[in-house]
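Paired with chain B in one complex and with chain C in the other, chain A is shared by the two complexes that follow.
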Partner chain A sequence: MTEMNQDLFQIQIADDTESEHIAAPQYSYWRSVFRKFFSSKLAIFMMILSGTVILLSIIQPMFSGYSPNVTPNINRPEMKYIRPNATYWFGTDDVGNSLFDAVWKGTGTSLFVAFVATAITTVLGVVVGMWWGFSKRVDRIMIEVYNIVSNIPVTLIAMILAYALGSGVWQIIFALSVTSWVSTAYFIRVQVMIIRDREYNLASRCLGTPTWKVITHNILPYLISVIMTSISRDVPSFISYEVFLSFIGVGLGQQYASLGRMIQQYSPYMTSTPYLFWIPVAISAIISVSLYIVGQTLADASDPRTHMI
Partner chain B sequence: MSVNNGEKEVLLDVQHLEVTFSNSKKHVFKAVKDANFQVYKGETFALVGESGSGKTTIARAIIRLNDTSNGEILFKGKKINGKLSKEDKKWVQRNIQMIFQDPAASLNERATIDYCISEGLYNFHLFKDEADRQRKVDEALNSVGLLPEHKSRYPHEFSGGQRQRVGIARAMIMEPEFIIADEPISALDVSIRAQVLNLMNKFKEERGLTYMFIAHDLSVVRYFADRIAVIHNGRIVEVAPSNELFHYPIHPYTRSLLQAVPMPDPEIEKAKVLKPYDQEKEDKSAETGGSLQEIKPGHFVFMAESERAEYEAIVAEMNKTAE
Partner chain C sequence: MKKYILRRILKSIVSIFAVVSIIIVMIYTMVPSEKVFDNDAGAKKMKGDQLTTYKLRKLEELGYLDFASRLEMCTATFGDDAKACQDGDEAMNAQAVEAFAAKGYEIKELKSGEQYAVHNYRWYELLWRFYSKLVVVDSKNAIQDPDNPDLEHKYYWGKNPYNGTPALLCSGCTYKYQMYFNGTFPFIHQNKFKLNFGTSFPTNQGVATTQVINDGQGSNKKISQTFETGLEEESALIQTSCQYKYLTDHLDEKRFTDHYATCRSFHESPSMVETSYILGLIALVIAYVMAIPLGISMAQHKDKAIDKIGIAYINLLIAVPSLAFIFFMRSIGTLFNLPDKFPQLGFKDIRSYIMPVLILALLQTPSLMMWLRRYMIDQSNADYVKFARAKGLSQREIFRKHILRNAIIPIVNGIPGSIILCISGALITESAFAVPGMGKMLPDAIKQTNNNMVITLVFIFTALSILSVLIGDLLMTVVDPRISLTEKGGE
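Right after this comes the complex of A and B.
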């Protein structure tokens, strides 16, 4: 055995700060959200699909200048009911207009109604829901409002309002969002109550943080994924609601093109010229499904618990 | 209990504190009953008791998270419970801070460490400009052994001990006089506990802080605290200096509690006969009512008048064996 030589050893000084280093790369919330979202191929496909539909519904009507009231071919029977072909991609309808033009104009209207109604519902719902979750006095009033509103069928309210206010885009937006924000607010209220008394919020109160700052810094960031879920649910449901209301005849009037009105108008043609009925139905289904999947994937991606992989 | 105990300055004075919780007018639960104690400036005052005995409730009542239903809490002679003006509330927030039990739950997971630590600074505008704020945060991180590079990190990237130190830095940056530590080491790994306790001791020496330390680990309390209050079922049963309490426990509950501490010798531990505390039999205050009385200088025991002779006999017995 060789003798231990002092020269072989060197004194190492332990550095406490060395053990405090975090080796993981910097974490950024939004970057992780996008990375997670774009890791889903289905979501990318659905996003491209819904993006195309949305863009078409905005841009195409600008070029076609389509309006349901302008019917130049109404007296030319040879222009009516042309099956889809190279010139008329979606064929022509019962008054001789191109269905391609009509569908995109209608999609634009339906999407506008759905997006505006969702925006109103979400903003109102989140603001009131936050307040509702924090204030006992607001809770006492709002819980009664919620009990009443949630016991009346939404369809009934929307129908009565659509009858009373007349048919128009803003009227139907009002009819759709006038009560729906209450359930969003209730949903947010429950979420707020769950995390309101967590220790980190108590710590903020000890540090003298005012309530509005607790809401914007401590509560809202936690609710992003929950709010996303609610949006991704609302947009398709408003599209189908508009379709449904127009279908039963209380939605938009004759002068508006909308998917719902087209489906209602062409449902008798289901056997004779089925493309008139099925194309609007298919577009409506594509929008609902693609937006729902995009929204749900985004909601999942915005939950940081999914980032730790 | 006298308000001024000799030369020591009373920082916090809790008198006849009562905290109740109720879900309706009929179901009222008294979490804290007639609590009386004083915390002197510069000491570490420990509150020990089993789960659900009201330790945390007292702490939260002091820091105004829980409403009090009766009694007074005086901080530097000023009443700080009940309705307060905005300025007084701010004064309490500036001077009393809390260290929380669960480091995983007490930090905002969606905010950077920079925001977590400077939250109090923002609320009270305790900085001249952005550079001054940065300097203060760096200093606070440094003082708890963390690095300035941690500022841009999120709480979930840290270990439990590091998070608890962030929690301490967040409280210390406010430069309070009185810190309530609600079981600050219970959720930590045993290897990290000493680190956090040493850190707290360091701050106490540097800044002349006063601690109220809540715990159920008696061996830690014995090492850390100057004076101990034992609480049982919302009632403070015994208050005494640490050494005194560990050597001469008087109240039967304190005796049972101390007896329950495991001995490191298996032979003794095996032979030990535990004597559990039976409130129904041993507490005579139910009918006649009782109060916290000074039985030896600085040693207070909760008793009914009928129990006084019994406890005095115990003291006499102890004095004899001590001689």
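Right after this comes the complex of A and C.
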């Protein structure tokens, strides 16, 4: 046994500020969201894919200047139905235009419709849903509106509206978003009602926090993942609706390039020139799947409960 | 509970009328009325004044406007003394025109210089006109035929000529068979109350829209039957559907002892409603048979391979546009020599049905699987499950006897909806396969500007979906007595 010696000890100075510090790891909400999101390889791949598609659909039409009404090659049979090759990556269509140009222009239109409709649906849905969840009076009126609207197939309403309003990008957007925001609002209402009466909100209210601040500071952050989930479902479903409406002939008119219109236009060519038909179908499937997976992963990542280390 | 159901039914009716009203007003005021003639062969052959008058008459018939030609204005203004006016008395004409202008009609001129009056219906007039003639009730005094003064006005009991079951017959009504029984759904048939949505135009011109979707399709099917006169004949006529005919001909007299001789016919192929129903019901059964075991095994093996594959499948089907999925499946079908369009092989060949049914079923599986898995996983953390485990029950038993019974309740809620909505058909699938069902009829009617048909279908679809939600809720209370739809007192 060694002898107790003064040298074996070290003098420590008691530091009050140091002892106050809690040794928990630094937590930043958004950094955790991104760390969680980027830990999924599939999500990164899908994000790159959807990013590429979105950028192509924005940038490519600027250079090609494609418009379905401009058909310089319509009288040159040798320009029509060229199979995909090095010059025409996606081949040429029935009027001799490059399908590559047409597809990106069409994707742009379809994405624009889907994004704007989702934006309208989400903003209206969240704002009204918040109000709906808080106010009893609004609840009484809105629940009746919801009972009427929710019982009717969205497809039916969108079809009839698109038919009555006529074909055009804004008409389609209106037809798609006019009823779908109600179900988003209802979804938010239920979430708000669940969170509204939790203890921390009661405490907050007792301390005199105004309702507005309770909504924006206490409840909204909680709903980010829920809202993300709803967005990630809305975008593909709106793309799907646009494609369907144009397919049955009530969507966008002849003067617009859109994926749905192309699918409708080329479905009789399925066996003779299959690329004309399958390329738009494949693109529509790729964008909706990639956006859906990115959205779902982001929704998971933005839920603070998944941030545990 | 009774009070609740009553209130719920009332509310449902209000919602149906709200939706249908909005859609009627939108269709009549927002779709340009010119579009009606885009697909009309009759209008293409005419020009000038003849075309203008034809269009106005047609629009009047379709309920867009009230049109009065010079002659009609004369008749309306002067009644019995209209002859001079009609012959061209200018002062009287001017008076007639003035009378119509005062009533709010727009006075216009044909190219020939002849004046006519038009009044476009406003939204409340459109609605009033639609609802006032919506329900037609047949009564024993419905037919007043001056050429047939011996016509009795009475109800009496008779027999259904096909199966001999009793039937309520009527003399003097529009329909002879007021009520009868047979072996086809819904077994009790009646002709007393009819919904009148107007006639179809431009396709199936002059035929009531309800008849278009209810009548068989394809060529007439002749069956051997005995008529009232004792005549035995191979005939396609459906005797139970006969209506009063004012002018009977020789053939009719050979078959019928009375004036009820305008009958519908048997057809080779089922009607649009039946077609959608056949496809939908089979698909529904397949969907549930596939989705329920899959959903259960996903929940049982949470986070294992089967669960992950299942989730990937669900996500893929939700994300891929259904149209793309349908076309993809259809091209797989052609690899197996299945037709890519329903009419290629027609109703008789079973191969026509395989792909549409399979696609319809697959499209329904993801949401079923997802919800069943979700409910089962939620339930598996409940206290009663822990208790069952503590009692020593096997995992299988717990899942089958405890969790599934609780998790299936919300699924039960959706079953009536799925069954009833089979009638509406699957819009997308039927369009892609050109299946002659209700689902394809709506896009077709829209493309042809067949407004009455669009309104009919919207009415039917809306009524069905609202009804199915109601039945679903009621069924849920039957399956699970703990659920009460009425609000409890207190608070």
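Going forward, the second predicted complex is superposed on the first by the 288 of 309 C-alpha atoms of A that agree within 3 Å, B and C clash if a C-alpha of one lies under 4 Å from a C-alpha of the other, contacts with A are read in each partner's own complex, and residues count from 1 in each chain.
Convention: contacts are C-beta pairs under 8 Å (C-beta built on N, C-alpha and C of every residue); 3 or more make two chains touch, one makes a residue touch a chain.
Since we're looking at a predicted model, the values are computed, not measured.
Participant: Could you look at A:76 and tell me whether it touches chain B, chain C, both or neither (first, second, both, neither)?
Facilitator: A:76: touches no partner chain.
Participant: Just checking: does A:304 make contact with chain B only, chain C only, both, or neither of them? Give me first, second, both or neither.
Facilitator: First partner only, chain B.
Participant: Would you check which partner chain A:206 touches, where first means chain B only, second means chain C only, and both and neither mean what they say?
Facilitator: First partner only.
Participant: Under the stated touch criterion, which partner chain does A:24 make contact with: chain B (first), chain C (second), both, or neither?
Facilitator: After superposing on A, A:24 lies in contact with chain B but is clear of chain C.
Participant: Using the superposition on chain A described above, determine whether A:35 touches chain B (first), chain C (second), both, or neither.
Facilitator: neither
Participant: I'd like to know which partner A:217 touches here: chain B for first, chain C for second, both or neither.
Facilitator: first
Participant: Which one hits more chain A residues, chain B or chain C?
Facilitator: After superposing on chain A, more of chain A is contacted by C.
Participant: Using the superposition on A, tell me which residues of chain A are in contact with chain B and, in the other complex, with chain C.
Facilitator: Overlap of chain B and chain C footprints on chain A: empty.
Participant: So in the complex, which bits of chain A are touching chain B?
Facilitator: Touching chain B: residues 16-17, 20-22, 24, 26-27, 29, 198-200, 202-210, 213, 217-218, 221-222, 304, 308 of chain A.
Participant: Please name which positions on chain B make contact with chain A in the complex.
Facilitator: 60, 63, 65, 89-90, 93-94, 97-98, 100-102, 105-111, 115, 119-120, 123-124, 145-147, 149-150, 152-154, 156-158, 162, 167, 170, 174
Participant: Which stretch or stretches of chain A touch chain C in the complex?
Facilitator: On the chain A side, the touching residues are 144, 147-148, 151-153, 155-156, 159-161, 163-166, 233, 236, 239-240, 243-244, 247-250, 260, 263, 267, 270, 277, 281-282, 284-285, 288-289, 291-293, 296.
Participant: Quick one: in the complex, what on chain C touches chain A?
Facilitator: Contacts found on chain C: 11-12, 15, 18-19, 23, 26-27, 30-31, 315-316, 318-325, 327-328, 331, 340, 421, 424, 427-428, 431, 442-443, 446-447, 454, 458, 461-462, 465-466, 469.
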